[in-house]
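What follows is a group of structures, each given as structure tokens.
In the two assemblies presented below, chain A is common to both, partnered first by chain B and then by chain C.
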Partner chain A sequence: MIVCAAVIGQANNPLYLETFQQGSSDDALRFHYIVHCSLDAVEEKLALPRKSPGEPSDAYLGLLYPTEDYKVFGYVTNTRVKFILVVDEPVPKDEEMRMIFKRFHAAYVDAVCNPFYSVNTPLTSSSFDASVRTIIMTL
Partner chain B sequence: MPRQCSETCLELLALELVRAYGRQSRVPPAAAVDAIGFRTGRQLAERYTANRARLGEPLEVIKFVCKEFWMEVFRKQVDNLRTNHRGTFVLKDNTFRWLAKLSVDPAPPAGAAATRAVASVAELARDYLVLPCALVRGALAHLGVNAAVTAEAAVPPACEFTVTIKPR
Partner chain C sequence: METINAEIFTLTYGSMVRQLIADLEDISAVNKQLDEMGYNIGIRLIDEFLAKSKTGKCGDFRETVDRVAKVGFRMFLNTTAAVTNWNAEGTECSLILEDNPLTDFVELPEGCQNLVYCNVLCGVIRGALEQVSINTECSFVRDVLRGSDVSELRLKLLSLNKEEYPFKDDD
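Right, the complex of A and B next:
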């Protein structure tokens, strides 16, 4: 089950972070911390050399790192926007995660193509929030 | 299925955009059109790169712009790409579709008209190239390549775009 979803901008600035757990507001802070820590793992994965020159690299980064309670998954777009999902037990399969990220990305693209959205500002659109919630719920 | 729109509508919109901003006097027309193009370029880059493998080097980004981006926006690929390997790329499109239907008022007097007409179509093209330049610049910037883009159409509709990557 996904407990937190986040979108991080090109300059590692948070654009969107939502938690999907009933709990106190401390929770949000904790997830901010987890997501923040995961950015180092993202940088590390991006710095890895390709297996062979010219081989396409995948946007899906897989498991970034496990914390005590959760597992953190990452995805990076061509435009250096990062998607982070914090997952609770049971951990879904890689293929499932990939699909979730793809749909998350599609929702993000729709949100930024809104003419009333200005680039690199927090995503406050309620329709984006709604579509993220639908995606999260499918798991 | 992505939403589609007729190419004619897009052409008319691009024409009207230049005309509308040319007539008002609050902002310099080129700057206004440039800002619109830059923003749109960024959004298009976001959309068109969504379902493809990650791009790395600036050269890969330029190739993406020449092939896929050009195909989506201008309905064909760039005909020729040259580079000096020092950050300057020249993208040559032999029949740039956005300029294909551009023409000046029929020159009234005969005689020197032929040469003058060509010169003025090229001049006219300059206004209409601001938007494509800004689109390309926006897409490049969004994909991590900061560059200056200029275009020149000496003999429309053939058109040369020069992309100069700015050092960080």
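Right, the complex of A and C next:
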């Protein structure tokens, strides 16, 4: 079950963060903190040298780090925009996570194609919000 | 017929509208400019349309509008418009557009709620029909970007110009 989805920009600025839990509003702050900490793990994974010169680096970063009751998964695009998903039990399989991230990426691309959206500004598009909610719900 | 990627077309149009807003800052001026641009496109597009579609003369306004909606929209935007809501005299009608390649991915921001994003289409229709001596007025009554589920263009026939020959008969 995904409890939080976040999009972080190139300068590590938060562009979008939504929680999908029945908790209270200060949970959002906790998730901000968790996502922020996970950015360190992302940087670490990105700093790893490639295995061989010709191999493309994988967009899906996998499990970034486990916290008390959550696991954090990451995905980075070629433009250094990061998608972070915080999940709790039951944890979806790797394949499923990849698929979710792909759909998340597609929703992000649709939002970016809006001529009125400037890159690296907070994502306020309601259709992006709606697509993210659909992706989360179809888990 | 040569084809280009539809997304390039959508993104180009979007970036152009955005630039117009940045340059002119007044939304109604942008609307007017889009209409002017559409008009300039329309007066040139009509020849292309007539040449490529090999249509003959249309009998009356109804047939003309039908041709525009079915053949014209399909040829240039790869979508068809439905023609409905004819008024009693047959001089006004509505063109319903379900999907419009110009507005893929677009969401109007807060400050631009009065923007008629596809006003260029109104200008194109007006310009094209004017070249075949049909004076019309075209405007959007419903817009997908402002919450409706379809876009509706209201097309009004103003007058038909008689064909005037520039030379005198008795020369």
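Note that the second predicted complex is superposed on the first by the 139 of 139 C-alpha atoms of A that agree within 3 Å, B and C clash if a C-alpha of one lies under 4 Å from a C-alpha of the other, contacts with A are read in each partner's own complex, and residues count from 1 in each chain.
Assume a residue touches a chain if its C-beta (ideal position, glycine included) is under 8 Å from a C-beta of that chain, and two chains touch if they have at least 3 such contacts.
As the structure is a computational prediction, the values presented were derived from the model and not from experiment.
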Identify the partner contact of A:Val87: answer first if only chain B is touched, second if only chain C is, both if each is, neither if none is.
-> neither
With the two complexes superposed on chain A, say which partner A:Cys113 touches: chain B (first), chain C (second), both, or neither.
-> both
Go through the superposed model and pick first if A:Thr79 touches only chain B, second if only chain C, both, or neither.
-> first
Does the superposition put A:Val42 against chain B (first), chain C (second), both, or neither?
-> neither
Looking at chain A, does chain B or chain C touch a larger number of its residues?
-> B
What is the contact status of A:Ser126 with respect to chain B (first) and chain C (second): first, second, both, or neither?
-> second
With the two complexes superposed on chain A, say which partner A:Ala5 touches: chain B (first), chain C (second), both, or neither.
-> neither
Do any residues of chain A touch both chain B and chain C, and if so, which are they?
-> 113
In the complex, go through chain A and note every residue touching chain B.
-> 10, 50, 56-59, 76-80, 102, 105-106, 109, 112-113, 119
Listed in rising order, the residues of chain A that touch chain C in the complex are 110-111, 113-117, 125-127
As the complex stands, chain C meets chain A at residues 7, 10-11, 13-15, 17-18, 104-109, 112
Which bits of chain B are touching chain A when the two form their complex?
-> 39, 42-43, 45-47, 49-56, 142-144
